[in-house]
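Here the chain labels run A, B, C, D, E and F in written order, and each chain numbers its own residues starting at 1.
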Amino acid sequence: MAAVKKSLVVEALRRSQMTELLAKGKRLDGRGPLDYRPIRIETGVISKASGSARVIIGNTEVIAGVKVETGTPFPDTPDQGLLVVNAEVLPLASPYAEPGPPDEDAIELARVVDRGIRESQMIDVSKLVIKEGEKVYAVFVDVSVLNVDGNLFDTTSYAVVSALLTAKYKRHEIVDGKLKQLEDTEPLPLKTIPTSVTMAKIGDTVVVDPTDEEEAVMDARLTITTDSNGNICAGQKGNAGTFSFEQMQSAADISRMKGEENRKVIREVTGFAN
Amino acid sequence: MTALINEQGLRHDGRRIEDLRPIKIEVGILKNANGSAYIEFGKNKIIAAVYGPKEVHPKHMALPDRAVLRCRYHMSPFSTDTRKNPAPSRREIEISKVVREALEPAIMINDYPRTAIDVFLEVLQSDGGSRCAGINAASVALADAGINMRDLVSACAAGKVGGQVVLDLDDTEDKEGQADVPVAIMPNFDQVTLFQLDGILTQEEFKKAFGFALGGCRKLYQLQKEALMKKYFGHGEPIVEENE
Amino acid sequence: MAAVKKSLVVEALRRSQMTELLAKGKRLDGRGPLDYRPIRIETGVISKASGSARVIIGNTEVIAGVKVETGTPFPDTPDQGLLVVNAEVLPLASPYAEPGPPDEDAIELARVVDRGIRESQMIDVSKLVIKEGEKVYAVFVDVSVLNVDGNLFDTTSYAVVSALLTAKYKRHEIVDGKLKQLEDTEPLPLKTIPTSVTMAKIGDTVVVDPTDEEEAVMDARLTITTDSNGNICAGQKGNAGTFSFEQMQSAADISRMKGEENRKVIREVTGFAN
Amino acid sequence: MTALINEQGLRHDGRRIEDLRPIKIEVGILKNANGSAYIEFGKNKIIAAVYGPKEVHPKHMALPDRAVLRCRYHMSPFSTDTRKNPAPSRREIEISKVVREALEPAIMINDYPRTAIDVFLEVLQSDGGSRCAGINAASVALADAGINMRDLVSACAAGKVGGQVVLDLDDTEDKEGQADVPVAIMPNFDQVTLFQLDGILTQEEFKKAFGFALGGCRKLYQLQKEALMKKYFGHGEPIVEENE
Amino acid sequence: MTALINEQGLRHDGRRIEDLRPIKIEVGILKNANGSAYIEFGKNKIIAAVYGPKEVHPKHMALPDRAVLRCRYHMSPFSTDTRKNPAPSRREIEISKVVREALEPAIMINDYPRTAIDVFLEVLQSDGGSRCAGINAASVALADAGINMRDLVSACAAGKVGGQVVLDLDDTEDKEGQADVPVAIMPNFDQVTLFQLDGILTQEEFKKAFGFALGGCRKLYQLQKEALMKKYFGHGEPIVEENE
Amino acid sequence: MAAVKKSLVVEALRRSQMTELLAKGKRLDGRGPLDYRPIRIETGVISKASGSARVIIGNTEVIAGVKVETGTPFPDTPDQGLLVVNAEVLPLASPYAEPGPPDEDAIELARVVDRGIRESQMIDVSKLVIKEGEKVYAVFVDVSVLNVDGNLFDTTSYAVVSALLTAKYKRHEIVDGKLKQLEDTEPLPLKTIPTSVTMAKIGDTVVVDPTDEEEAVMDARLTITTDSNGNICAGQKGNAGTFSFEQMQSAADISRMKGEENRKVIREVTGFAN
């Protein structure tokens, strides 16, 4: 998706207005720096998918769908199932999004969300093996971004996690050398709920859950993902700005605190206990 | 496998020959788009969004006397039974073209010279008849975007299943049936804007199927008007049909 | 291929001249509304292909070549051979054609012709199986458009059909688990001759077999394909114009009548009786 | 497998060492192109077409002092023994380049500043030596398009087969032989415009093969002139060689 | 498999917890680039080159108030254990982005309005930590190109291996370890310009790893300065730190 | 890589200066027409590759890396291993090089170097078979051009040849139907050293090893590759200029003479005797 293009003057004015407000601890939409917009999660929205979720944070809206298929394991991990996360910012999601293969922003988005899932060991991929070295389950998670209003990272991440937490897939067996699909379904082997928290630095202030307007003037972005135990399992700084050493340390604390809050929302909707 | 049409003349999902699947249309569901609509048509779940009239890039693609209408029909990877590759398939490219050509006759494109109007259809879940469902949503989204139109475009397929001509095929009927005839019309002009046909029909069956499809289109037209009315006048208000 | 670009004024003049003539039942080249230009079909023009045909209608000229190869069936149709139809409007065919992957016009062309073949059940794909679920014949039909002067749909369709009707392929067997090519050749298992008829609506008149000049000003295009029994097996409306309900009905009649005429030409050249 | 050259010194298709395959050239066979030609060269069947001089798009690709010559050598999917993928292969991209560079020396490109001249070669059926066959056709098509030329470009390959230097290899000889040397020349200037070599030749064999190829080119030149003469002056008329 | 950390607290390659791998930086190794550097960092062998400030093509991509910084991180096909496909992978596209964003804060891009600055990183041989190694080289190459900078950018990763927080993971440690935390800083401003984290760390481990990485970055800063000094003032000369 | 763009006037001046000098048998950098710039070859520079070489001729610098992997043979040559040569002119190599898939210049470069190796029968591909028709070795040679200053053909060719001459690969066996990698390594089965010589025609003079400046004004380019016996095994004329028949003949002699000289340099560095 192309960056929001505004005139230099308007951008500068917008930015100074925002930083003034933020100096007083306020944001344009009335939130405090560490407040999220309302988070709405709906699961099971796509019955053809193994699992699915629609997540709305403010005006940002995404749908994630999980498909569990069968495939061949990588030669160096014959005893592990596969996970593939893909994201498209649909051209209908924003006046600046365009059709075509994922650009660097969409690739970064998908890879950061992927790493949150993968590195937290949310999915026990060792249990997704049908026959070692030959056939494993491949978990495809595809994300369609429907409306862009900031914080795509968390919205996408919560949608992917919620879709996985509610997914059911059909077991397969190898019978006489041929793959056979069984009738019974079961949930994916899941262990934890990785929950990302995205922060934006605007001037000297760090806020969570930035809107599109805030992202347009922010200096830098930071996403830190924690697992259900509060451990950090993924991180990514974005944009051509910087964070001070102290801001990095406090961001880690914020990510644990806000991550736990949002994890509760996910737990409530999905009924996942861990 | 159950019979596609049983002894009582009912179809595999309980519908009669000339029944539509359940349909729900919502208008104005996306914040960023100039106009948008969501349609559920059987198991189809499709979002339509319109951006424009807007500047054309690159500029030499602009037309001096009218708007350029562009259309993308796309299926989300999770929309189908087995995962769909996200890159546009030849099928999606063809459907994007025929959908654009189905909508264009209804749009007063000469009112918007040197601009582009973009119509995006995203199929979140697909069932038989997704192109028709998408056209219905797109037409409503164009109206929601305030684009000048001669008429709405209403679409519905008929076909042949289990030896009989029926209205509105679902996925199973589409795959196991004998023919599918998607049609779109401008209901107030008695003009066909989309017509495709797959499968084998005698000339008599063709006439019957075409008639069924026109009937389906007219029902869709009512649902499209109700959906617009609901957004713009609240429930139960009479709709003013400016474009007719 | 890019659309023909003309100045608005010239286009309007051309169109009014044409509609005036058509109101009198005449066309620029002297034909009546339901007359085809002369159709010339030559088969066996490419000896390296399993089957081939060159078809010339007016100044429109295409070559179709059939290659029968072996492949793996689709998982959901293990008992059927494959058919793939591809078309390229060569850059040498028109000042508006350009090199590159097929654009939407070429894709539509190939898909409409493909559907005519496929839906008419011209080819009995159930007989193109070497070993069910493992090896089948794959029939590739490739079309190179050499010169564009309107009505690519019918010209391409007749070339594809004529190439298939005269194709011969080498049988294969599986011997000791390995695919083996036999020496004897045989014709494809064919049942009917799908024949398309393309009509253009210009003003209020419907004409068959439009020239490039007519296509440049037409409102809408309609292709209807019938099989040897006169049944309709494929249809496609094109362009940003419309047909009235009555025009649709009479188009069906025209397609059966003109289709039967042109089918005779194909039968004569190919010697196919059905 | 039969021997590539038998005891009588005849090749697998009955030709002698320095024989060409049967060749047929027709001029002006396409209606839309500014110039065109069709060549059969053994089993090769190739169409050449020229569009131009014409406007360059995008404009910044135009050259202030000369025409941009562009060339596409392409094989139809049915042209080869096993179906060829229609996307351009690395081989086709390289041949497009060397063919362009073989033709350009003969074209008075400075006569057409700020324009493009497009040369398209479509191989409908391929045999050994398709690039040479294509160059012969392209050169004639350029003349047919009325492009100013210093000379025609005439092309022919020589090579080594069954231990002997021979003229004009066909597919079998190309694949089973020891070397292939395609050459193109401007016959009235004694200049080489295309030269490639695959396979192993001693220095002596190289000199002999090169000489054979030059002889082949000269024969092709006669055939090219006859084909042009036939189109422009009817059969048997003497040709006026303006460009020499 | 040997233990990643043995009883003596030594790592599989003999390093201690907080040791860097051997590092070598050379400045100005390419003739054509405006600035260049070569870094060996463990088994990493990476070339960085800078072209610019230069004209932007196409022109509408230029920015009125600053330079466009572009960055390509690319691995040669022979750089990895099994051959890498030469087309850019999703991983390379992401790294290109984060490297660009790591360098940009240090570059005075407002000094070069309407221009482009291109940074190319070619990984000739890869080991763990190639993005950090690349950033160190790129930063030096930018200085070598004479681009105005606020500071150098120095990068180093820390992580967790065999249950312990360590500095600078190599390939084996990266693959078999528990976490990797690449960090880049502007050393004279105490600002983080790159931060990524893969793997699981407790909050305490995170703080420790982050501290290790900062320490590593500071060591790299010394090596970067020495390399520049060596090129511009010969061996042993004192460096004048203009940009600090 | 885009061609060097210069103003027409500068180009013409440069060219006339060069041809004047060449008429006296001199070149801008002081070399005689048949002198190469110094050739520097270093092998074993990439330890992760099976073989590698860095070659510097003047300011032109390339690295070639060999990877020997396993693959499936082509159906028509079941008893031969595979050779794939690929070249990228890295965008850091020249102000005119650009990122993206190889353009026609890079494709020609790779294909001409490939033909030199392949046609000389340098590699005995019949010895690179693990199991006929099923598994063979695939020799990938990838070239990264690091700095462009003329004569990419020879620089690339010498790098590829030197990397092959010093490559070692791990043998594989098929044990119980599965491919198994053995521990011992061995050199590739090599028979000869194909050595290319590239000439540029500027005005009426032919020079070897042209610089970038010379290539910018040359009429035509000619590369002729000879094997260790002095036989010619590959040739390629490039650019929109011509060579006279006599120049072609003498180019063959030059290629043998200069090829033998440069082959000695390669032999010294690699220790290969043939």
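In this text, contacts are C-beta pairs under 8 Å (C-beta built on N, C-alpha and C of every residue); 3 or more make two chains touch, one makes a residue touch a chain.
Because the structure is a prediction, the values reported are computed rather than measured.
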*Check every other chain and keep only those touching both chain C and chain D; list them.*
none
*Would you kindly tell me how far, in whole Å, the mean C-alpha position of chain E lies from that of chain D?*
52
*Go ahead and note the Å separation of the Cα centroids belonging to chain A and chain F.*
48
*Calculate how many whole Å lie between the centre of chain C and the centre of chain E, each centre taken as the average of the chain's C-alpha atoms.*
58
*Specify, in ascending order, the residues of chain D that touch 2 or more different other chains.*
none
*Going through chain F residue by residue, note those that touch at least 2 other chains and give them in order.*
none
*Name the ring's chains in order, please, starting from chain D and stepping to chain F first.*
D, F, E, A, B, C
_Complex interface listing, chain E residues touching chain A_ = 64-65, 69, 90-91, 93-94, 96-98, 100-101, 104-105, 179, 181, 186, 189-203, 206-207, 210, 214
*asked:* Which residues of chain F touch chain E once you look at their complex with the stated criterion?
replied: 45-49, 52, 59, 61, 63-67, 69, 86, 88, 90-95, 99, 101, 140, 142, 144, 146-149
*What residues on chain B touch chain A, complex-wise?*
30-33, 36, 43, 45, 47-49, 51, 54, 72, 74, 76-83, 86-87, 118, 120, 122, 124-126
*In the complex of these two chains, what residues of chain F are touching chain D?*
8, 104-105, 107-108, 110-111, 115, 119-121, 222, 224, 227, 230-245, 248-249, 252-253, 256
